[in-house]
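In what comes next, subunit A is part of two complexes: it sits with subunit B in the first one and with subunit C in the second one.
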Partner chain A sequence: MTTNALFFTLSYLTITLLPITAFGFAFNALMVCLAVWHIALLRLNKQGVRNAILNAVALVGMAITVMSIGIKSTVSVFVALMLLACQLKVLQAKTLRQWRQVLVLNFFTFSCAFLFSQSLYIALLVLFMLGFNLVLMQTLQHVGTIKATSQFVVSKILLSCVLSVLLILFLPKLPAFWQLPGPQLAKTGLSETVSPFSISQLSQSDELAFRAIFNDVDIQQGQTPLYWRAIIHDEFDGQQWHIANLQKATINYEKSGGQPTYSIIAQPSNTPWLYALGFASSSTNNVQSNYFGTLFRTDRLTATLEYVVTPAKVDASPTMSRWQYQHNTAIPKQLNLRAQRLAQQWDKQSGTTAEFIALMRKYFVEQGFSYTLTPQVATSEHMIDQFLFDYKSGFCGHYASTVAMMMRSVGIPARLVSGYLGAEYNEKQGYFSIYQYDAHAWVEYFVPNEGWKRLDPTAWVSPERLQGSLSQYQPLANQFQSNLGMSLAAFSSFPAINWLRLKLEELDYQWTRWVLNFDRQKQSSMLEAMLGKNNQHLSGVIAIITLGIIFTGIFFYIQFNSRIKEPDAIKHYRRLCSFSSIDLEHTPPKQSIEQLQQQFPEQSADLMQFYADFCANRYQGKTFGKNQNIHAKNLINSIKTKAKRTI
Partner chain B sequence: MNHPIETITSQLSHIIFGKDQQIKLAVCSLLCRGHLLIEDLPGMGKTTLSHGLADVLGLSYQRVQFTSDLLPADVLGSAIFNAKEHQFHFHRGPIFSQVLLADEINRASPKTQSALLEAMEERQVTVDGVSHPLPEPFFVIATQNPLHQAGTHPLPESQLDRFFMRISLGYPDEQAEKKLILGLKQQSAINVEQVIDKEKLIELQMACNQVHLAPAVVDYILALVRYTRESGKFSDPLSPRASIALGSAAKAWALMDERDYATQDDVQAVFASIAAHRLNIPCHIQDKIISDILTEVEIPL
Partner chain C sequence: MFGMFKQLFARFIRKKHSADSIAFKHNTIYILPSTMGTGFIGVSVLNFLLGINYQNNLLLAVAYLMIMLLIIALLYGYANFNASEVKLVAINSAHCNTPPSVTLAITSNKRLLDFSIAHDALEEPIHIPSIERTVLQSAPLRLERGKHLIGQFKFVSHFPFGLVSVWSYLYLKKSIYAYPNPLENNESMYAFRATENSDELSNSTLVVDEFKQLTPFQSGMNMHRVSWKHYAKSQQLLVKEYEGELGAQTLRFDYAELQGTVEQRLSKLCYLVLEAEASDTFYAFKLGGFELSANRGEAHKLKCLEALCDY
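This part shows the complex of A and B:
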């Protein structure tokens, strides 16, 4: 029982602490306290806590849970309550019946971990916990050693793995009957409003944002550095850049045939925004493109999603409608007057937009602006003025906001784009990984007759930033790593750890690609590849065949298992008798052996020995061991050669 | 070490020549605490064998010659009025001995035969509502003439089933008969020695229970029994009592062979004497029918 109790407590704690931010500090602390209490009770050899105490703890615990998580995130609250209930049940459990309840409940509780993460490691962890739960269930029900039951359980789990692979591959995937709202925990490097001036430390996360797989190397080469567009911000209120109103307006682009495509596997971000290079459209269901050429989904991304991106052809609109022009040049006129004045001064000096940009660039370079992840927080309401003339250091958001604002102030339509810059390339598997710390912001400005153009002012002050992912950017490495905190990426300067990180990354990629993202589309294309196209009832037929195969398989498996395996002694005896014309079914073993002795007098002693072994095994219940087996085999061989010779 | 059982059989072979198999079966029956029925024509040595068995085991025995006018009270005993004490006293009959030799049992009327019933199965006698336990060990060794002989009453089936074994001696071979003729004079002088005592016998009976009866052998016994029930060839198939008897006889046979495990051969060896009388097969045709059964039933390994 102690093993059980300890295991349960520790597993609840694991599930609580894994998605650490989901439950809040108070709940985590509560669970740790309960675990410590329980372990202390176990050390004192006490079992079961009085119900009155437990009820009190439960009430307090529920209050803490709701306070810690809030009622908005229903899924997290209910999972937390379940964990709390299970933990209390373990504390209470005294009778066999209560232990059984806990064991059954665990199948639901452990699986809750999948609500928060579906990575390979979590899957393995949950599988292990469920497996051990099964082992404990077995030992509770039947007497047996942990080792023996573990073997039994592992064999059953392996069998069910095979079954589930078959089911996943061939059983048609039905759309979800009803969908659970995902727990709101995804961290994203992108937000719908960009307000760089109020950030003192750009918190970086080394979580994966998405992966990109190029079938055609050309696309990616033509686009270096890789600017992954996600959200367009075209409203500036002096403090923040707001998301464009048209961001969620669907526009169907003309699909240009024969265009090379690439696919992206996006991690759950809990936002609808997706990523693509340049202007793009997608042929994947539920993935739509908007006026800006960025992709989005109709609902929030709560699970990993794989989608195909086709570069879209956007006609360079020579002009802009009046309201569009106004929208893209609007700024709060009374703020940042110094910056506006400076821009107007440059405007007078330059004739074209390009010249204007060159002047801006000259200013940033000459004034010694620098890139930092830990900028000073703006104190006045003229935030851009303060950045431009006083602080002179910031990250991408500062530069992009400033440049866009200044262009707008002189009537050049400009907007902010947030997305990701760079990628980590896995050479062996040929895919790009883009992490949250690759999040970036840049500017797009409009040139009549040419359309929207990209401008990355951050590159003026730190051109190295364009070379690739931030993780490879040396001058900022210290800042970058201190902002990452404790994670493998923070130690990437050690080759061994970096190697390990990349390996784990690769494993996770395969897991995401082939297991998590095996959706209806992939399934049907796989079936089509296997069985040819244009079969309307294909999936139904496949499903019936698969289920048929599985059920026959199970039937034969059960048949096979229920059949008593013939003991070695009998096998050898049959083999021996086959050398003579003995009627096996009607001759008792002793007479058969005597008959064999007459037929093969040389082997008489050996036959006698075999008969003794046979009797010991069959009639006295002793084991037919290794030595006996060897002896029997030798005997069979010698008689075999003898029998051949006589023939 | 000379095995006690071997001594018993060798002693018995001094008085019955050339019938080792039958002697062994008779001893086997006694080891299983089973009653023995010896069926044969007159003058074949039935009585000699039963005397010898009682002598060699050193058991007290009484002999009752069954006749058509024998009454149950003559076997069991009766209450006799004691004039002095004005009370009835139970006077024990010949059945109150360790071995009852019931000679020519089928000459008695069915009423008397049935009187033996309770005694054989329950090992006690009830007269006038009072139970009297029989001594331990208690065997009935009965002899009977073949049924076709004049003046015989067939034993009821229920009683036949209570006999553990039926053996038949059959004619001796030429050598043995020659020996018989030559040794006639001394026959009265030859008396078998007692080789074991009561305690030793009980010990041997316990040893029989220790013999290992493997599942394969049990399966074989079941196969044989089921064959008699399902083949439709027998009007009186074997009862569960017969299956139990087969099991214990096989064990005893193995013990006599100085083994601590029974095999299918042991079952085959005792099958005829255990099954034939229960299946209502007359002695003179039993060999063929029994060997047919044995060849037709598969031997599970």
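This part shows the complex of A and C:
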């Protein structure tokens, strides 16, 4: 029972403390306390805590859980309460029946971890825990040692895994019966407001943001910078850029001819915003495109999502309505006066927008602006002035905000776009990985009759940033790595670690692609390819029949395997007896052999020899070796031919 | 409704499984998920619902995995039980406290795991973790005084994982006796002399000690009567027999003459029978309408004891 109890407590603690389940400090502390209490009880060899105490602990625990997590994230509270209840049950358990209840319930509790993360590692962890749980179920019956039981369980689990994969592949997938609240995930990533001036250190994460899979090879690494658009910000209040009101306004675009589609596997971000290159629309369910040509989902992204992106046709000669113009040129007039004056000065010197941009660029380059991940925090309310004339260093947010504000101040409609820039290309598998540290912000400005154009002022100060991913950008390597903290990407300068990182990344890609995103659409296209268009409905039947055949096979295998094998000597003896004309089953061996000698006088000597071997093996404990075996087989063969002849 | 079904099933079992031995094979093995297994299915359904509603392939996989495990458990459970045999070896009638027991031989040509024997009169099921070849198992039954039909034995295995119940029955249409527990009587058994022919008896008491002859010793004879003199001389064990022994030692136990409640009186009677048998005394036995003339020996004792059970 101690193994049981210890295993349960440790596994609940593991699930609680996993980084994917953000239950809050208070709940974690509670679970640690309960675990320590339990281990102390085990050391003192006490079992079962009084119900009154447990009830009190349960009430306090529930209060702590709700306070620690908050009632809003229903799923987290649910799983946390589940863990708490199981832990208390383990503390209470005394009888065999209670242990059994815990063992069965664990199959639910452990798999709840999948609500928060479906990564390969979590899957392996849960599989291991379920396997050990099964071993414990078996040992409750006191049959065999833990080692023997483990071997038994491992083979059964592997078999069941294969069979369930078969079922997942072929059993028709059902749609969700009802909408359940998703778990609230704490995620880093794009934020809906951009306020670069109040950030002193851009914390970077090497977590994956999404992957992109292109079917054609045209888009290859390094040819054109990849700007993945996600959120449009078109309202500036002097301090930060706010998300556009129309970000969630659905518009259907016409498909642009000629351009190939590609698919993106987005990691859970807990926001509805999706990524695409340029103007895009999507044919995937629940994925919509908005006024700005970016994609979004109707609900928050709490699990990985694979969607298809279709490049969309942009209006050839766009014009802008009066209110749109006003909206896209609005700035707080009383702030950043120096920057506004500078912009107006450039406006006078230039005739076209292009010339204006060239002047801006000249200023940034000549004034020696630099790119940094650790900028100074703005102290004045004229934040852009301070950046433009004093600090002269910052990251993408600073440059984009400044340029967009200056363009607006002279009447050029401009807006901020946040998304990702660059990608890491995996040559073997042919896909791009985009990480959180690739997050970027840039500017889009409007030219009448030409439409919205992209402008990336960050490129003026660090043009290398445009190619590839930030992890491959050498000048900032030190800063980048110190901001990452402890992670594999931080050590990517060591070849072995970088190789390992890329391998793990590839594995994770395959896992996400084939396991997590195997949805109804993928299933039906797979079945169509395998069974043809009209036979898809047969897949379920095929799966059941296959299972039936497999189980029948297993059944006969077990039957065959569980029979105890007779020693060779006895096997040969029985074979010899079967040649006799009378039934020798109940006669002692000596008489049987004599009977056979009478029947087959020619083999008399050989039979005697066999009897001697047989006795030596059975009664004196000598081995029935190779020579004896050969002799016995020859004897059987000669008698067999003889017996045939007489018939 | 449920009760009626249960009765029908019991009758079916009685008809099908009444024999002295049962071979476990496809038509005598019953197999269903156990209570734990039912819970397991419930949890699997929960996982399935969660998996569908979150479109979570891994949760679905766990749900399927559990069902597959259950089916595999059913197969292994069946294979574990199959091709084994239970045979009745002996019925050991005894006093309630001894207690009476039934000896069964469980034979398997492979390893039979987690085997338990249940019977209504068993205090708790007998659990045998592992059986290879043959195991003789005695099942001590807790019975009230009386003659009982042994009835139904149930053999259960929960191998593997405790998820399945594989079971079968053996219905023994044989009787077992639970004799009353002997209760020491205040009066010595010699107080119960045969009263009829009292004259003869009184005469014969006079010749009690008249030596008759020496007979060779047989095991079970009273050691007090061995003639040690002869043994010392000739190394021969001889037993002294006395004239008039038969008459002198004839006792008569009558239920009607004993004090106490019915059970106490039966227990006392039982004690007297055992005592008399131990001292090789002839005794007659009367219990209500049942009467046995004076005799001795194992068969006589059994008759008396069985009569005590039937009363």
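Before moving on, here are some points about what is shown:
Going forward, the second predicted complex is superposed on the first by the 509 of 647 C-alpha atoms of A that agree within 3 Å, B and C clash if a C-alpha of one lies under 4 Å from a C-alpha of the other, contacts with A are read in each partner's own complex, and residues count from 1 in each chain.
Criterion: a residue touches a chain if its C-beta (ideal position, glycine included) is under 8 Å from a C-beta of that chain, and two chains touch if they have at least 3 such contacts.
Just so you know, these numbers come straight off a predicted model, no measurement behind them.
By the touch criterion stated above, A:586 is placed in contact with subunit B alone, subunit C being left untouched.
Within the superposed three-chain model, A:352 lies out of touch with both subunit B and subunit C [touch as defined at top]. Legend: residue contacts after superposition of the two complexes on their common chain; A:105 is shown touching subunit C, with no touch to subunit B. Contacts of A:573 after superposition on the shared chain: subunit B is touched, whereas subunit C is not. Contacts of A:627 after superposition on the shared chain: neither subunit B nor subunit C is touched. Once chain A of one complex is fitted onto chain A of the other, the partner contacts of A:449 are absent, as it touches neither subunit B nor subunit C. The partner that reaches more residues of subunit A, of the two candidates subunit B and subunit C, is C.
Against subunit B, the residues of subunit A that register as touching in their complex are 570, 573-574, 584-591, 615, 618-621.
Subunit C contributes residues 36, 39-40, 43-44, 46-47, 49-50, 52-62, 64-66, 68-69, 71-72, 75-76, 78-80, 82, 109-111, 113-114, 127, 129-130, 158-163 to its touches with subunit A in the complex.
Contacts from subunit B toward subunit A in the complex involve residues 212, 214, 216-217, 259-265, 268, 294-299, 301. Residues 100-101, 103-105, 107-108, 111-112, 114-115, 118, 123, 126, 130, 134, 137-138, 140-144, 152, 156-157, 159-161, 163-165, 167-168, 171, 174-180, 182, 303, 515-516, 518-519, 551, 554-555, 558-559, 562-564 of subunit A are the ones touching subunit C in the complex.
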